[in-house]
Each structure stands twice: as C-alpha cells, then as structure tokens.
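Next, two complexes with chain A in common: one pairs it with chain B, the other with chain C.
Up next, the complex of A and B:
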C-alpha cells in the first residue's frame, strides 16, 4: 500500500527539540562533567610526559591524545571507555520514556509519520554527541597550543579530525544500541541497565573472551606452525565483533602514524622497511576504512532493528 | 452542515486472538457531538485509534473526511486532532513551548504559530500560566492544554478520549462548556467516556460500546425510550413485610430487588396505592414509598446490566 506524504516531515523539528532537551538535561551535564574532567586529567598527564622528553616529534599533537602517564590512561583510551556511556545516557529512554510520560500517542497523532520520530531522536542524539566531541577536541587542541607553545601541523589536524569522525561513528553505534533497547524494553530503568551491561561486556570482558573462544575453535597444533596464525586471526575476528575493538584499532592507526598494520607481520614483509617511519595520512585513513565501514554497518543494523520494532509497536503499549 | 465526516465499516481489531473491536459500523456527521460510551475495555480507545490511523484494523475500512487514515495519514491527522486519555506533555517545557513544538510539527510558520498559540491558550483560559512549566500543571490544566493544542491546529474533527476522567466537577463542567462551543463552531467532536451522566449534556448522539460491539447508536431520547420506556422505579421501606413473596405476583411488577427492609421495585406503571394496600393487608408497617421515572444514567446502567446478563 502506497502512503501519501513524506516520512521525513517533522524529522528536523524533533531532532532539534531532542538536542535542546539533551543539552539542558541534568543527566547530560553530569556525564559531560565526568568526560571533561577525565579528558583534562589525561591530557595534562600527556603534556607533562611530553615536556619531560621533549623530542623532535613531528606528531607532538597526536601524542596529546595517545600519551599516558601512569597511573592515568591516555585520552584516547578514556574516550573509548566513556563515549559509550555518554551515548547510552542520551538514548536509553528515547522511546520508552515517551510512553511513560504519555506523550507518545499525542506526538504520533500529529501530522507526521512514525519514521520522523525515530529519525529525529537519533539525529538529535548524534547532533549533541557531535557538538560535545567537537568541543572536547577543540579544548584539547587549545590546551596543547597553550602548554606546548606549538601550533599543530596540518597532518596532525587531519588525523585529529579523522579521529573525531571515527569517534562520532563509534558513539553512533552506542546511541543506536541504546535507542534500540529503549524501543524493545518497556521500562526506561531496565533498558538503561541492559545497555550498561552490554557496554561492560563489550569493553571489559570481550577482550578476555575472544582468546578463550579462539583457543577452543582453533587449538594450536605444535607441529603445524600455521595454526598459531590461524588462531590469532580467529581471535582477531572474534574481537572485532565488539565496536570497542574496532574503535581501538582505528584510534591506534589514526593517532599513531608509525602504526602500519594490526595483523601479524612476517620478517620478510619488513624487508626494506624503515622501522618507525610515519605513514602518509591518507594511507592511515585507508587502513582504517574497513573498521569504519564495520562501525557504520553496526550502527545501521541496530537502528534498523529499532525502526522495525518501533513501526510495529502498538500506540497504547 | 450535514456532510458525513467519519465513516467506519466493519472495523475489527484482535489482540492475541481476542476481538477487542468486533465489526463496528459508525457514521458521524459534521457538527455532531457523538458520545462513545461504555465500560473500560469495551473497545472505545481501540476504535478511536483505528479512526485516527494510529492502529491498523484487522478488517473493515475507515473514511475520515473521505480519506483513508492508513493511506493518507498526514492529511487525516492534519484535519483530525486526538486528545489521548490522560494526555502527557513535556514537563520541562512551558505550555507555550509545548504548543510551539506541535505547531512546528503541524508545519505552521513560527510567526503564524505564536498568534494561534496565544489565541488558543486564551480560549481555554491558560493565558495566565502560558509561560509556566507544564510540570506544575494540574490534571484539569493539562486537559485544557490538550484542547488548546487541537484549537491551535484548528482541527475540524476532535476526538477526545476520556477527557473528563479524574477531573473535579468544576473542571468537568468547564471542559464540557468548551466542547459545546467547539460543536457550535461546526467542528465535529467525538467524546469517549465510561460515564453517561457526565457527557449527556453535550452529546447530540451516543454510541454504546459493549464487548467490542456498538449496541446502540442514537439520541438520548431514543436511548431512554429503548431501554426505559415508561418504566418507574418504586423505592419501598417497610417492616415485617416480605416484598419478594407478596409483590411479585402483582400485575405490572417487573422485578423486586433488595431485601430486609428496603426494596426497589421496577414497575411498568405507578403501583404505589396497590403496594401500600398489600403492605397494610399483610400486617406490615409501611415506612416510606417513593416512585420515580428512571433517569438516563439508570437507563444506561440497565442497558449494560441487561447485555452482560444476556452474554
């Protein structure tokens, strides 16, 4: 049956309202204070580190994000850990919250399609995440310029921006997951808990599980040297099911120009290579392209799940 | 003035294999106030959702202003406004901001909208609190804000689901006043309620829902004639008298209910003299005897009692 009118009518209105709600909500303020404090802490640590062994590094600015001084982890690894939390905070009650506030039936009775509601919620969340990440990145760069007294190189800027886009995609995956859970689960508290559990499993336990699974699927045969590589590749494949792993790999390749590969390297492959020589920025971006595509795909799959469930949901649930 | 605006044919909706709405036919003309009455769970809200196209029917068809709510939902929802049962607003926004949001969704330009919003809020007497957060609003104020939203969008058809439930008598009276005004302006209003007494003053016609079917559609006079007729109810209070045994054979008595000292006798004519005579004859002491014509509320209750007995 063909329906009249555009499914996107009102999407932008809902997205802007969602964004405004998020930006003024106490929940978002709390999470952002947490992120900001950790970001400043880790960046400060990195700057101290850079000052101690101020070498002639062409990519000083990238070290701001990857450099870690004990006991603090680096800015990048903090992001990998905390960005999902921000995204979950934005999305966990996107749909079931409207039901529990009894606003859903009223909104759906407006002259818009259901599609616009879900698209708007996702876009609104993504917009806020984008603003937050951009602000963080600008703050970090500003801090770097102030404390190091050096402007960033153009390569560092491009890599930094690519990292920003990758982070936004990573946040999008978690936002889509949170919205999907808020559609499937009726109570907002339950959907928040479910999202947080998945976050814990993926960011903490998955790296422990992957080697175990790989050992079980492809045990190492001491007589066949290739079996070691098979096991490693299987382990890597399993680990890459987690968006956290994909994001970690992207971070590593984008922020460290000397990183050339993520898989095993044979000695003959290194023949003629200058160890530690930086890779051109475009080459690094090409290297992370599969990871980036995987992240976008995960986001689309989760959003589609939310979309299908939401379209079939009864209004008086 | 009398074109058909809503037409439903054989509407059926099943949840988990049970027909919640079972073959409903309904025709509503412009300017009518139709009361959808029936106990909770009779299928009123589901019918409303199907009329609005918010729920897909398993069978049957709906034409709303000659459009199909499933095929052309935007046009239908533009013309018809729906005020859900216990409507919710965004508590952290003011009344004006809440309406501004829906105005934008309805596609009004901001300049146009602010005038419409001010007017609508004024009509439902919320202009004094327009810039207060809705979180502080009472239930009655929320319902009025819901009406303001429909007014602001200038809906020709207004479908109100249990608008009076949980309101105090003054707020109810006020709300009914607004509904009557809307009808006078030529808008069509559907009001659902489980209480007939509340909405009978504004309804031009009522539809009685029972177990997913419409048992009766017509004016209140028709309802009273159908269910009540000329029937009377006689309240009797007497001592040392067995009404059930001694009155049930009296010509004209339909039923005797109650016991001990008080009874209610349904009769087809005024039997007070005969009843008094019986009481005295049998040596009982007559304390009170009172006859009254059954009201619409009673007719309505009786309608559902009879139907649930029959089912």
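Up next, the complex of A and C:
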C-alpha cells in the first residue's frame, strides 16, 4: 500500500537525536579518548621532528600529519587505522540494537516513515564523525601553530580541509558497512564481529592478498617485459577494492604536494620534469577525484543495501 | 800654431776659403807629394744647449797624423767663476790632465763641465787648451744654459683607433711624457660622446684615477677604459683625451669604432615563463621575440624542445632579417606527451643564428585530464540513482 507525504519527514529529528545519543554514550567517549591520545601523541612526535630539522617548507603543516617519529606512526596512518574502528563503533548496532532493546516499534509508532529512521541513523553517525574529525583537525592545527609558531599557508589549509573531507568519506564507507551489517545480522555482537573481521581483512590482509591474486591472474612471463607492468596494474586494481588502499592513496596525494601519480611511471616520463615541484592544489584534488568518487559510490551502495534490507524487514511490536 | 794643424772651426774656414786651391792640389796629394800631417784636437759639437741641472759632457778627440808620439797637457780657460771641469779618458773613468797620442792614431776623451748651482740662463764661452810641444792649441766651446730643452708635455696613444662590440670595453694605453724641468700633477679629462663612460687607470693598475703625477723629464703610462653607451648604433665615435697641469697641456684624439650586434630576447606570454597544458592536447602560447641590439639579426632560427615524447613547434621557424628595436609575436605550440603525468616540466624555446643565440626555459604545468573527474561524478550519480530507485521502490513503509 502506497502512503502519502515525503519519506524523509523527520529525518533530521532522528539524526540530531542519534548524534546526541552517540556523543553522550560511554562507548563513543572511550573510542574518542583512544583516538585523541594517539593523535596528540603522533602529532607531538611530528612537531618534535620538524623542530629538529626545521627547513623552509611551504607545506610545514602537512608534514604535521605525515611526519612520523619512531616508534609512533604518523597522524595520517593512525587515522587510516582508527577511523574505521570509530565508524564501526558508531554503527554496528544501529538497527539490530533497536530490535534487541525492543525500541524499534516505539520509534515507528511516531508519525515518521522507516526511511527516515535509517537515513537519520546514518546522517547522525556521519555528523558525529564529522564533528570528531573537525575537532581533531583543529586540535592538530592549533598544536602546530602553538609549537611551531607559524600560521599555516593557505595551500596547506585547503589541502588539510580536502584531507578532512576524504577522511569523512572514508569513515562514511565504514559507517555504511556497519549499518548494513547491523541490518542484515540480527545479533549486535555478531554484526560487530563481522564488521571488525572485514576491517581486519581489508586493512591488514588485503595488501598481502592482492599480489598473490595478481600473480595468479597474470603470471610474469620473463620474456615479455610488459607482463611485469600488467601484473602490477592488476595488483593495483585488486588492492583498490579496499577502501583502506583508496584512503592511503588519497592521503599520499593530498598531503604530499610533490606526489604526482600513483601508478607505475617510466623514467622517460620523468625526463624534463621538475622533480619535487609542488603540484597545484586543484591538480592534486583532481588526481584523487577517482578515489574519492569511488569511496562515495561505495558508501552509497552499502547504504542502499542496508536501506533495501531494512525496508523489507518485518517489524513487530 | 802653423806647424800643428789647428782646431776644427779654423780648419773648416781654411778648408772653405782654400777650397779651390785644395781642389787644385788634390791630384798632387793623391800622387803622394804632400800628405796631411799634424796633431789635432777636435770635437763634433762645439756649441750646444743644456738644461740647468744637467752636467755637460763634451766628447773630445785627439788625432795624431804622421807625427811622432805627441804629449798634450790640458787646461780649460774662460770658465765662469765656480764652474768646474774634469777630463776623462773614454776607456776608463779616471780623471786625466795629460795624454800621449801615438802616431797615426786617435784618442777619445770626454770633458765634463759642472755649472755652478744657480747659474744664470745664457751663453757661456770657454776654451779647452792643449799644451803640446811648446805650443798651445785652443778649442773654443759654447754652452747655452736653458730652463728646459723642449718644454711642455707630450701625450701619445699607443693604439689610437679601436674597434669593438657595444658591450665591450675599449682600452687605450697612452704615455704622458713630462718634458719640463719640474714634477707635475696632470689632471686627466676625456671628452666622450654622450652616454659613454670613461675611466682612467694608471698603467695596468686597477684603481681609477683622475690625475697622475709625472716626474720631471719622465713619462707615465695611463689607461683609458671606454664603455660605450648601451644601445648605441654602430659607428665611429671620436674621443678626445687631455692632460692639464697649470700651463702645460696636451691632448690626443682617439677613435672608437662600435660595431653593431643583434641582441635577441624571448619574452613569454604576458611576460611570464610558465603556463598550463593538458596531456596529449596542444596548447598555443604567444611568445614575443625582441631585438634590443644595435644591428639586425640575420637568418634567425627559432626552435623549441621539451621532454621526450613532447612536441614543441615554433611558428615562424625562421626570421630572415629581424631589425634592431623591433618585436615580433611568435607562436609556440606545446603538446605534452600522452603519458605525461601531472606536474611541472621544462620546455626550452631557442632563437639562434646571425651571431646571436638566446634561449628561455618555459615551465609547463601539465594538468590532470578532467575525464576521470567526469567518470567519478558519473559513478557517484549511478550510486545516487540506485539509492533513489530503492527509495522509490521501498519508500514510505
């Protein structure tokens, strides 16, 4: 039976309520404390590193995010590792949690459609992630200004903001995955475990699996030099199925202005090139645009999956 | 007197007055009847002028023709009060007062006269007297004392006419000779065409000078470095160099022949040497070529080169005669290689020929193709479409 009115009526109410719930929840506090501590630690390490070998660099503030001092990894690689965890923590029980607490029927007793519930939950999670990331970025920039005594250049600011947006898109993928799993799997613990195992596979094992798969699909023929390149390209294509790889490439291109390309490059292509010359910011953004759109598309597809499954579910009081 | 044949002036007058008679007896003399015999005291310069400070040295020769060895004692008569004299043998520096001349030989002596300090300017007559065999031969001499011999100053250029390019330095070497009896400080001045820069240096030194001290009766070498005004047309330019010190002055005329050279400059679009291009696509850049030199550039070839796989085409490829002071627009079409990755590359644009060569480096930023951006947008659009379809299909439950 068709119903009247917009399916999105009440979405923002749910989104804001969801965001408020997340921000006050102990789970979110724990995860954010973890993220904050590691972020401050790695940023402090990077600042110490920059102070030791200070040089003239227009992109000093980008080095805050990429600079790593042993034994801590850089801020950017921490983000790539921890952001999925935060997103999974926000979304793994979004739908099945409501069922297990028997609150879903109460929510749907309100004059809203189901669409609004799922959209609201996703947008609420994304809002919380956005606030958290913005806070982190401001904290990092503030730390940089305080300890380096320099204002960031406008180029570095634009690149930093682009990196922030890319990170949000990356978090959105994981949030959409977690919500999709929470819709498909009925037990919250199972959906959490499923999301974490996917995260583990994609973050850790995918980089090992991709070369093995590439070797199997396109073995290197010693007599055909081009087969090496073919294999490398296939390996890269397989690796790019993982959002972690896409995020790593985006980080590299956005935070390192001298990075020009990600694919294999021939010496001939470098002839006459001014090595180390920074790429215009717009060019770097154009370079990561395929990765970014891939990420957005993955997020939308995962969310659509969750939406279709949720809409078809039976909700009983 | 009569027996010993006398002094040159006297002998000369005799010779002149008796010339017809000698001419008559000459055949007889050559026959061997009356050969010339006697003892002579002569000098080639009986009258001369010297400057005040200089001593006087007079060469004297004693000649004995056909006589037994002759002894001669010397004295100088008629010298002014306070003047002194010495006679030196030419072979040694020792002072002599008498000499013996063997038969048929000549002895050279030098008579040094030292004038009294502060002697007045004018002519002084005196005589060198030689006592010989009871008789006395007198050689009258006249010395004229003067302030300085020639006086004044001489300025002489080693190479008065030079030729060179407008951006070269013309170096003239000159000698300033101070012929006066006093040290003098000479002011140096050069009259040059407008815009030319002239600097004086001493000898091969590096300090710039405006005046040079020259000791009396010596000379100093000065160097004039002339730098033509920038952009002067080719031609011959006169330069006049003068030295002045009080009453003394001298000048010399020099020539600087400036040859013309073309000076070609390449200016990038909007005076920038950077631009954007897309991989595999041709972008045209309007360059300007200017000849700021003083001569036309003949047969100028224009070319460009970039990284491998790039094509750089310059139109026109040649300029037959590119007049001085003109500019022309040239079109540089740059096509980056299909495989060029985004970033900065160096492209060189060259103009050469006609004795000039100029090149500029043009920085080309290869931009990422926007095709992938459109594909990305399309992918997102498809994903949104799927979501919208899902909402339409399953919405409002």
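FYI, the second predicted complex is superposed on the first by the 314 of 317 C-alpha atoms of A that agree within 3 Å, B and C clash if a C-alpha of one lies under 4 Å from a C-alpha of the other, contacts with A are read in each partner's own complex, and residues count from 1 in each chain.
Here, a contact is a pair of C-beta atoms (placed from the backbone, for glycine too) under 8 Å apart; a residue touches a chain by one contact, two chains touch by 3 or more.
All values reported here derive from a predicted model rather than from experimental measurement.
Room for both chain B and chain C is found when the two structures are superposed via chain A, with no clash between them.
In the superposition on chain A, A:113 makes contact with both chain B and chain C. In the superposition on chain A, A:5 contacts both chain B and chain C. By the touch criterion defined above, A:296 lies against chain C but remains apart from chain B after alignment on the C-alpha atoms of chain A. Set against each other, chain B and chain C differ in how many residues of chain A they touch, and the higher count belongs to C.
Looking at the shared chain after the overlay, A:271 reaches chain C, while chain B stays out of its contact range.
Nowhere in the superposition do the C-alpha atoms of chain B and chain C come closer than 7 Å.
Chain A residues 2-5, 113 lie at the interface with chain B in one structure and with chain C in the other. The residues of chain A lying in touch with chain C in their complex are 2-5, 7, 113-115, 260-261, 265-266, 268-269, 271-274, 277, 279-280, 283, 286-287, 289-290, 292-294, 296-297, 299-301, 303-304, 307-308, 311-312. Residue ranges of chain B in contact with chain A, taken from their complex: 45-46, 49, 52, 54-55, 70-75, 77-78, 81-84, 86-92, 101-102, 104-107, 146, 149. Those residues of chain C whose C-beta lies close enough to touch chain A in the complex are 306-310, 337, 339-347, 363, 365, 367-368, 370, 372-373, 375-377, 379-380, 382-384, 386-387, 390-391, 393-397. Partner chain B is touched in their complex by these residues of chain A: 1-5, 9-10, 13-14, 17, 21, 24-25, 101-103, 105-113, 314-316.
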